[in-house]
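Here chain A shows up in two complexes: once beside chain B, once beside chain C.
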Partner chain A sequence: MRRKGKSRAGALAMAVSLTLGMLTGCGTQPAAEESGEVTITIWHDKEEAVTQVLENALSELEPEAHVVLEKKSDLTEALKMVGNDPKAAPDMYLFAHDKIGVYAEMGILAPITDIIPEEELTAYMDNTIEAATYKGTVYQLPLYYETLLFMYNRLYMSDEEVPATTEELYAYMQENTKGGHYGFVEQHSTPYYAAGWINGFGGYLLNDQGEPGLNRPETEEALTYHKKFADLMPGETEYATVNTLFKEGMAHATIAGPWLIPTVRESGMDVGIAPMPVIDETGTPISPYMGVQGIQVLKNAAEKKPEAVEKVLRALMSDEIGTQLAKASGCAPARESCYEQESVTGDEVVMAMKETAGNAVPMPNLPEMDVMWTVTGTLLTDVNMSGKDVAESADRAQAEALQLIENMK
Partner chain B sequence: MKKQQHTDREKKKIRRETLSAYGQSLPSLLLILLIVIFPIIYTGYISLTNMNVYHWNNYELIGLENYKDALLVFDNGFLTALFVTILWTIVNMVLQLVIAYGIAMLLNTKGLRLRNVYRTLLIFPWAMPGYVSILLWKTGMYNSQFGLLNQWIQKLGGEPVRWLGSNVLAFISCTVVNLWLALPFMITIIDGALQSLDKSFYESAVLDGATWLEQTRYITIPMIKPIIAPSVLITTFTTFKQFDIIYLLTQQVGAKTGADIHTILTYAYEKAFITNNYGYSSAISILIFGMLLVFSMLTSAKSREEV
Partner chain C sequence: MGKYLKKIGTFFTMMLMLTAIWSMTAMAATDTDRNAFYVQVPADWENPCVWAWDSDGNNAFEAWPGEEMEADPENEGWYYIWLPSFANHVIVNANDGSVQTEEQILDSNAAWMTVKAADTVEVTYEKQTTGEAPAYTEKFIVHAKVDESWENPCLWAWSAPDGTNAFEAWPGKAMKAGEDGWYTAKAPIFVNSVIINGNDGSVQTEDISIDPAEIWITVEADGTYDFSYTDPDKAAVADITVHVAAPADWESPCLWAWSAPDGTNAFASWPGEALEEGENGWLQKTVPGWINSVIVNGNDGSVQTTDISVESGKDIWLVVNGPEDYTVSYEEPELAAEETEADTAAEEVTEAETAEDTETVEETKEKSSPAGPIAAAVVVVAAGAGIGIAAKKKKAGK
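Let's look at the complex of A and B:
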């Protein structure tokens, strides 16, 4: 009997400790100690090469400011959850500019111009500052930007064969798409990639007023014209398929992000980079979206640790960081003066992005863009893959986009 | 009088036991309350507010406004999705039960060698994270350029097939993946149930001259039914509210395949959850939760009748 009582008590104790154990997980972490040096936490989702450069530069701020770079794979969702909880939120985060609208509306971001005077931002390329601006306020300190690039495999496509216009590209595709080989592949039904064609026709997914433009005549024209290219590409065109086709030498050319270049070079490919082909119909090159990577400051940090925040931002404004990032990871620096350095102008990839950036359109940074990715994806799939009528599909997608935007409010 | 005293004591004892039972399960009840019930109530609360990107910290109660908008989601597209969901549930459950039963029977064949090896192999798909399995199927099997199936077809001189490109084919392909993921559980359950059966029933059935089919129909199935019923019910629900297989195979942003099959959850996701409007999305969640609740009450009432 005693034994039974003992084991029962033991079981109860275990149950209680288990429950408590699970509950303590929900508690908040203790705040960083305020005494002495100030700790600045920066969330990011970047590769090691990039963070290494930043860490080296920011370590010079010790002992006044101690900067911690923390990698977060679900950064955007995590910020929504803890953005205004000073105990759990970071002080800054390093991410693409396209989410600043969402966080600015949520009220968790501090304007950069509260910390750095506006005139100092003129040192940056105009369209990076345009990208960093939401409703007239600058919310991001740009570091570097990226655009899609036209790449080709020199084993199949010689430098002379590189198409200068889209019709030349089409002719090349017709000639070379056979026997398991493709003249050119891209993620034709992914909005981020198709946007280059739509922008090149003067159409848009979303304008700066937050209005979708899926059934505008320019957009429809682009969709119709683009369809004949999609017909000469494989049916499946998500990221893995397209990049593998190019990497394995089964596709001669592609439009892809700079992040693909190290991988294909590693595989031994002699990869060439060329300017975007000019669309014959409009005389404008394919104009992809531009993504600007930079630092956003959270409101809490700007209020509580203004000096440390300013020190970090100023450190990140140096030309040195821009040139080092270009060298370490092929990032195109956002500061105009970096392009006076030989180490930058000598980098083929960086200079190709600089050239493409001349036509590139900053990705819309409005909260409305969140629904446009899905709706446009469906529209592109309907047109390119299911062969549905362009005008009808565009009208439907536009109505759907309007409805969803309405439902956001 | 004595009898009265006796029942009183008995009653007290029962009450004490009940109290002690509740006392002992209190920690886990609290946990369930925290993990299961609280989120539902909280979702219900959020569904009555205008919490969205534009009112993130300053949201307020707006009554049933969200439900008025949410009902608009339940349009023709939703009805089609509901039909697909029901079809999906029925097809998958029937196939799962039949195949799992067949495999479990084979595992219980007398004199089967390496039985445990087979069991381990069969449980394998279950041990792998679903997300990984689904994407492996997508690129490894179904991909029109590199997929194993198309490589075989091309070796045999055929044209590559876009397995996920059209509705019917995509539905079948999704079903195959779901079976791959769900069968291990069902096989384990049925296998366990079969092993618990008293062999003497079969001995006397054989003496009476019953065929294998008759044994299955009159002995095996009626006897394992109550044992596997709870698992079948749970699996029916997970199948009904399946999201990741269909979403990841055919609708992932940037990797849409052209197939237009929606379950109620993928439909609600595309129509509501991408808007970042938490109030509105919560209202839809609560409505779908209500539907599942009704569905579960109907099925559990029916299965109770049968058992």
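Let's look at the complex of A and C:
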């Protein structure tokens, strides 16, 4: 259950990657060299609202490039299996940035800067390019990003009552958690969600060197501090439970992904979105992970179909794509210039993600991160649900993470 | 460890609460288009209510007798209610549902109805009142269970800190007694504070800070209280499974289930939800454990049993032979298993088998007939007054 949040974000990221892939290429299809048309296949796992925008834009590349967006539910595993097989692999894929390290180490990705000059990437938000970079090389063309958001039910929590700090949040929870209603709920023992608190204390699950930081003082301090909030939430907080509590009006506020907003609005809720509370102990807001959805190019496609690949990438670099994605699916565009458009600045959800992104931390894109989700989940369960000693649990989790990472080598 | 157990307990409590929420109908959507529906009733019709639904069986309210109307202060003798625009089938009732009109099918529920008697109703779509109806305000239900020494409990409600009151004067809205021991009244969703009082306001709780959501408040003689946003009586009951053997010619049998007499439905709309294939040849459906009444129906609800009362909180085995012919059991009937075996055996009979073999099978099937005696305990509770009400509702609402 703890992986659900991460999986949801991962799925979203995967979907984005797939969509981008669809937009940028049709690598598995043989190039119709005789007619001059090249097919570019892009794997993705995105919702139709996103792919429709991409398909419309990429259709303008016809007849020189025919782009096929192919939805793959098992995209990441499929890529591991066939990424090196030119006959089976796509030309591109649209997915979150956090798997870049895995595929870069497999040697199946082409650097984006081999196709698009690096100076052209300055049009993107810095942290999206940071997320797209693995060991100094940019492997993803960012399309949009997502962060968790602080959202609240205005039936219960007025705009004036929105907590600016975590201590205000705690006081609110103490006053309003009663009778089966909760002042605030979140997936407190899911790493993707707890990471916001850990990052806000200056701790980390995994640093950019691939080193786990579960027993660092900052991480332990975050776990200790966060525990008192978890004590005022339901004991079990998997994805469906937390979202249902909020959607059904049994929780006043939550931290959740932007994907929850359409659902709660449909239910008739007047939902508000606010900046993340500032952690009193550090002066830093809760700093969730940021997932950047973008296009990755497979090395084989970059070598065999360079012109078509570049056309696809350039088509996806337009501001119009970003603004259309924001309008169609509430995606926060990765290109800075999109935020000069009224249609983007007028979108409450997109702008909330933009604000949160200022403190958000790109999800680590190192292969080592694969083991950290499970190990951190166990640590959070031990601390939040089993009441085990923080330091002992953190030491144990750190040792396990180190062992698992060692086993990967 | 204790903490862990506490968390586990909290988890299961949560699950029960969520189950209750998921199970309850939520038919009065907050963003529904609404029309003001006006009614005049005979002088002896007290506290008139409206029960309303559409031709697809979607109910406007959760339970019979529906929503209580409010007197229009600007138009003496007229009561009004804001109905969801889809609900154009209405029954006006009063005196706790003991008197009611026939079903009225309206062109639009933006209408004015004059009830001269239960069977004499006039409807017009031309405005019969002056001014506009008071603005629609969403409300929530406050349930209170008070000590016996507290008579005629009332609800006082307001918005803090601005102090806007929901009701004109202390002691507030009189709460209506229910057969389940709970008193109920409604308050507008702008309030966040309530007081339960009794004996003409001479006894009361202290200020209770609440969320504007359906709430159950238990009050002791000394005014101390506890509250919950889930029905304490229902949250403690686990889901049950209803097993059904339906007549073969009832296609796509469905289950309709509810709690009588409060009328809380387990499913959103008639004919309920389809029964699923279970074990040993039974059809089955899992429902909230608080239901105490069921109907099995088939052929898109065109055939159905009468209201069948069952014990709450127990798995049920229901053998239906016809609309009025059924047996209820709380243990899997032995005969049902034999029937299944017989069915299986019958399927295994081939054309090459002897007539004697066939006779044996037929004999077995006859012994297994649902109409035959059932060894297991059978409890069939006679339909009471509450069921009568439910039947009216169901037949009207279908």
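What we mean here is this: the second predicted complex is superposed on the first by the 373 of 409 C-alpha atoms of A that agree within 3 Å, B and C clash if a C-alpha of one lies under 4 Å from a C-alpha of the other, contacts with A are read in each partner's own complex, and residues count from 1 in each chain.
Simple rule for what comes next: contacts are C-beta pairs under 8 Å (C-beta built on N, C-alpha and C of every residue); 3 or more make two chains touch, one makes a residue touch a chain.
This is a predicted model, so every value here is computed, not measured.
Asker: Clash or fit: what happens to chain B and chain C when chain A is overlaid?
Answerer: clash
Asker: Once chain A of both complexes is superposed, is A:128 in touch with chain B (first), chain C (second), both, or neither?
Answerer: After superposing on A, A:128 lies clear of both chain B and chain C.
Asker: With the two structures laid over each other on chain A, which partner does A:373 touch: chain B (first), chain C (second), both, or neither?
Answerer: A:373 contacts chain B only, not chain C.
Asker: If you stack the two complexes on chain A, which partner ends up touching A:365: first (chain B), second (chain C), both, or neither?
Answerer: Touch partners of A:365: none, neither chain B nor chain C.
Asker: Between chain B (first) and chain C (second), which does A:190 come into contact with in this model arrangement: first, second, both, or neither?
Answerer: Only chain B is touched by A:190; chain C is not.
Asker: Using the touch definition from the top, say if A:386 reaches chain B (first), chain C (second), both or neither.
Answerer: Both chain B and chain C are touched by A:386.
Asker: Given the superposition on chain A, which partner contacts more residues in chain A: chain B or chain C?
Answerer: B
Asker: Per the contact definition in the header, classify A:244: touching chain B only (first), chain C only (second), both, or neither.
Answerer: both
Asker: Scan A:155 for contacts with chain B and chain C and give back first, second, both or neither.
Answerer: A:155 contacts chain C only, not chain B.
Asker: For A:235 in the superposed arrangement: first (chain B), second (chain C), both or neither?
Answerer: both
Asker: Would you check which partner chain A:408 touches, where first means chain B only, second means chain C only, and both and neither mean what they say?
Answerer: First partner only.
Asker: With chain C in view, single out which of the stretches 62-70, 80-88 or 152-160 of chain B clashes with it after superposition.
Answerer: 152-160
Asker: Take the contacts of chain A with chain B and those with chain C, and give the residues found in both.
Answerer: 234-236, 241, 244-245, 250, 385-386
Asker: What does chain C use to touch chain A in their complex?
Answerer: Spelled out, the residues of chain C in touch with chain A are 1, 3-4, 6-11, 13-14, 17-18, 21-22, 29-31, 189, 209-213, 215, 227-230.
Asker: Considering the complex alone, what residue numbers of chain A touch chain C?
Answerer: Within the complex, chain A touches chain C at residues 155-156, 175-176, 178-181, 234-236, 241, 244-245, 248-250, 252, 268, 385-387.
Asker: Taking the complex as given, what residues does chain A use to touch chain B?
Answerer: Interface residues on the chain A side: 11-12, 15-16, 18-19, 22-23, 84, 102, 105-108, 187, 189-192, 234-236, 238-241, 244-245, 250, 367, 370-371, 373-374, 377-378, 380-382, 385-386, 404-405, 407-409.
Asker: Would you pull the chain B residues touching chain A in the complex into a rising list?
Answerer: Per the stated touch rule, the residues are 24, 27-28, 30-31, 34, 52-54, 56-57, 69, 139, 143-146, 162, 164-165, 252-258, 260, 270-272, 274-277, 280.
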